[in-house]
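Working notes for the structure below.
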Amino acid sequence: MTGTIGFVGLGAMGRGMADSLLRAGHVVRVWNRSPEPVAALAARGAEPAGTLAEVFAADTVVSMLADDETVERLVLDRALLAGAAATLHVNMATVSLALAGRAEAAHAEHGIGYVAAPVLGRPPVAAAGQLNILAAGEPALLARAEPLFAAMGQRTWHFGDRPRQANTAKIGANFLLACAIESMAEACSLAEANGVRPTDLIELLTATLFPGPVYTGYGAMVAERRYEPAGFRLPLGLKDVGLALDAGAASTVPLPFGGVLRDAFLDALAHGDGDKDWAAVAAVARRRAGLPD
Amino acid sequence: MTGTIGFVGLGAMGRGMADSLLRAGHVVRVWNRSPEPVAALAARGAEPAGTLAEVFAADTVVSMLADDETVERLVLDRALLAGAAATLHVNMATVSLALAGRAEAAHAEHGIGYVAAPVLGRPPVAAAGQLNILAAGEPALLARAEPLFAAMGQRTWHFGDRPRQANTAKIGANFLLACAIESMAEACSLAEANGVRPTDLIELLTATLFPGPVYTGYGAMVAERRYEPAGFRLPLGLKDVGLALDAGAASTVPLPFGGVLRDAFLDALAHGDGDKDWAAVAAVARRRAGLPD
Amino acid sequence: MTGTIGFVGLGAMGRGMADSLLRAGHVVRVWNRSPEPVAALAARGAEPAGTLAEVFAADTVVSMLADDETVERLVLDRALLAGAAATLHVNMATVSLALAGRAEAAHAEHGIGYVAAPVLGRPPVAAAGQLNILAAGEPALLARAEPLFAAMGQRTWHFGDRPRQANTAKIGANFLLACAIESMAEACSLAEANGVRPTDLIELLTATLFPGPVYTGYGAMVAERRYEPAGFRLPLGLKDVGLALDAGAASTVPLPFGGVLRDAFLDALAHGDGDKDWAAVAAVARRRAGLPD
Amino acid sequence: MTGTIGFVGLGAMGRGMADSLLRAGHVVRVWNRSPEPVAALAARGAEPAGTLAEVFAADTVVSMLADDETVERLVLDRALLAGAAATLHVNMATVSLALAGRAEAAHAEHGIGYVAAPVLGRPPVAAAGQLNILAAGEPALLARAEPLFAAMGQRTWHFGDRPRQANTAKIGANFLLACAIESMAEACSLAEANGVRPTDLIELLTATLFPGPVYTGYGAMVAERRYEPAGFRLPLGLKDVGLALDAGAASTVPLPFGGVLRDAFLDALAHGDGDKDWAAVAAVARRRAGLPD
């Protein structure tokens, strides 16, 4: 058992993950920008932390923050890292490869072990401790993190000894998600314009070639034009496509589907769909074809 | 039970389908351009037909031909249809919407019922009588065809009372297949260029977000760069993408993923991969990124 | 001087071209589907022909028809060619490479010389005898045609001894035109969304990097959103992009800009802009960006 | 006449621009990261500056730096701006709209007038004082800058009173340049694959539809596959396409041609063409089509 675990970022995902750690018997010290989630976790046995420095006084820190900017501002702070007693930071956010590199370097500079462990799964899955965890980092550090992963996830997937490898896998997974949605959007528009009910097409596909949660869940949303409430907001989808495109640019990997996705998401934003689920990219395919909203 | 069933086209798919009809107790009269499959089916109890006219003397005709051109030449022949005794033709080929329209009109002109019933499934599935059958046409005609579908398939999916609706669904399904392959091709190139083994990425994805035969089967081919032997040859894939693009053009449905697919398949053909599986489109993604063959 | 020249197709372009031949002193026998242009040319000294056979009784035939379908139906008629006295047919239409090949073969079969000579220039340029003529065919045939070209055009450009080479050049030129329009459409949307007047951007560009009729003329239409009256209707633009894409498909040349153009033109048609100038593709770029019509 | 002009950035462009100011009789104080160009300009009458602070002690500062990063590091330095006596900074670099916004804000904060004035023209044009200058900023500031523009350019184009408007126009111009090159690359591949010499096609086009320096100059490079020496290096082209895509992303303007360009440039970089002219994007089009290098 590790000692106290610091936990940063109690958003929709993080609160369930921290709670999973508590349920597994870990001592968890939590910090969040807004105080409510801290209080809620404290009521369940967590230690509330008033500052990030208190969190980084723990032996191991887990963070689950929203994006590059937040990670950079909060946990790549030089003073914070310089003063940290922590010897392991497990960053579970979905971040860019560029940030992954800077984070690795910053932690190395301050002698803090650094592991990347982004996840697959929505908030209910996080709350149930059933995430899929994509992990990369030095083997010894991963071994230290494994009990935490076991508490938060159903399975840990290893991608190598460099943190950025896990971020790459996560970016690739999200890219495939976006591609699946767009391909269903185009196919459903083609179907409808030719007299086939999109729901009939999706029912066929998910019962045969494309079982599983993505085609079933997003397929229904696309076919039924049901984009609210948002399970995953469209601007986040655009951000994730951007992570793939940026990773491609830095490694000279053209991603023609990625370019199409980018344009489709921008088109959706330009038409006011920024608060809808990223399945609303289907409305773009419909509009291009002159189909009614 | 219907009377004698004429069957045209004993290719890799058609021979299994005709055999399924035989096994179900139907009297089947078979014709094929080359004689060997006719003899093989005759040995299993089919009646060999020397001419297409003999086939169209049967009450019901099923055809399973390669493409538009073959369908047009063989079974849309005016003299053949004018002299036919058949009152129902079940066309199970994957054809264009334009051909679907011409076929419907030609049969109507000659008072022959016409149903479109393309299928999902490879030759072993056809041989086992376990196809998924996508059917459209007048309800009374579909009812007549249902015993045949029951013999050849595990399930019949209905898309409407106009034959072209079934062709639309089939084109949509193949379009999604091609999109899935290309998206994995791009994601695997991105992964490899950033130090992640494509097989690791595919293993993660197929165990979580993307179960099912398409991501599992093609994912392995893409990740392992195993494009031979061809289960479905690349030029056929280009043809199917072309069916989608043509359908989109005729119904003013832009298909930006379709345009990317078209270019990728052409690129593969330009590099001599015409005899490989359409998963070889992954080699295009790799080449674009400067990754080794 | 050649003998009587048969002329088929007195549309907006053809009438000016036939008139140019008359002005140069040629004896011209004219045919058109509708009679009015025949009468008008006859009033200027042309011989009216009642049938295509009368035209093909002339030594040399020039045709200027709308598209593949019209060329195939009218002048690739086997009976017409078999009965023709003509020894040279100069086909000045913009046709597909596939048709170019069939036309060359059909004429060869009947011992008629065949030259392709599509043109650059709008109707007023045709009327003034100032076209640019893109010619290909056997040198001896081109030499025979040169006096006709001299009457109709300001300059003849030679692309080789196979007719399809001239058609290729014409398809390439139209492709570049469409690309220029789309690129200005995108740039003007980007400008406007960022507070720059499109007219200011186009004024800069045409005065510096991009002089000439295309950027000046279409640039003004794009920047001012002036798509009517149509100088060149949008469906014709889609047809021309299709000729490029089909030529690319047949020769395994991916054309990613072509795919984008195709989708943009379809989008325009889906929104009812089929009677507007192909510069209306700019409305698609604006709509994608959420800019007002 | 303004007082002393500080000038930052004596690269291939900047040295010609500073020299133009000298020739027009201005007192110019110059700074550059490497000392050689400073010495060269000093030999022609400029005052060498040892620090950026000396430059910003001048009443008016002109800067011509390579990219966002350099601009941000050198001239958006808070200490530099806080200590500056300068009341006008004319930034002539090609930068992102995001940087343009930050620069405007930073100068406003320190009470320094800020004008954006990127240019069209290569180094010889800069040396001749014949640039086209794209200017935006407050009218009174532009009026102060006009004598400098008159010395460096043949004409000043005004895009509004917000600096970022000039940057937008410059980004739009470069985007159109890249589009023109790619469209010629695709058309020339199509031509060659169909038996037409690319040089013949380009000769036709530049003599008719597309006169002017871009089609003539880049057309020859594309058609002749002459990508060296680089007039404008390919990575700079990718950077400029990126500026357009980023501007589009921030203003929700999809740029499908931009996505294609991005992929083509990445493909070129992946194949080692980073030191070649951006016309080397034509090698990508050729490779996609299987044409020889």
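Per-chain residue numbering starts at 1, and chain names A, B, C and D are given in the order in which the chains are listed.
One rule holds in what follows: a contact is a pair of C-beta atoms (placed from the backbone, for glycine too) under 8 Å apart; a residue touches a chain by one contact, two chains touch by 3 or more.
As the structure is a computational prediction, the values presented were derived from the model and not from experiment.
**Q** Touching both subunit B and subunit D, which chains are there?
**A** A, C
**Q** Hey, how far apart are subunit B and subunit C in touch steps, shortest way?
**A** 1
**Q** For subunit C, which other chain has the most distant CA centre?
**A** With centres defined by C-alpha atoms, farthest from subunit C sits A.
**Q** Quick one: subunit A and subunit B, Cα centre-to-centre, how many Å?
**A** That gives a centre separation of 38 Å.
**Q** Calculate how many whole Å lie between the centre of subunit A and the centre of subunit C, each centre taken as the average of the chain's C-alpha atoms.
**A** Each chain's C-alpha centroid was found; their separation is 53 Å.
**Q** Would you mind listing the residues of subunit A that make contact with two or more other chains?
**A** 248, 252-256, 258, 260, 263-264, 266-267, 270, 288-290
**Q** Show which residues of subunit B lie in contact with subunit D when the two form their complex.
**A** Those in contact with subunit D are residues 256, 263, 266-267, 270-272, 287-290.
**Q** Can you check the complex and tell me which residues of subunit D touch subunit C?
**A** So the residues of subunit D touching subunit C come out as 97, 120, 132, 134, 155, 157-160, 162, 164-165, 168-169, 171-173, 175-177, 179-180, 182-184, 186-191, 193-197, 200-201, 203-205, 207-214, 244, 247-248, 251-258, 260, 263-264, 285, 288-290.
**Q** Would you pull the subunit A residues touching subunit D in the complex into a rising list?
**A** Residues in contact with subunit D: 238, 242, 245, 248-249, 252-256, 258-260, 262-264, 266-267, 269-270.
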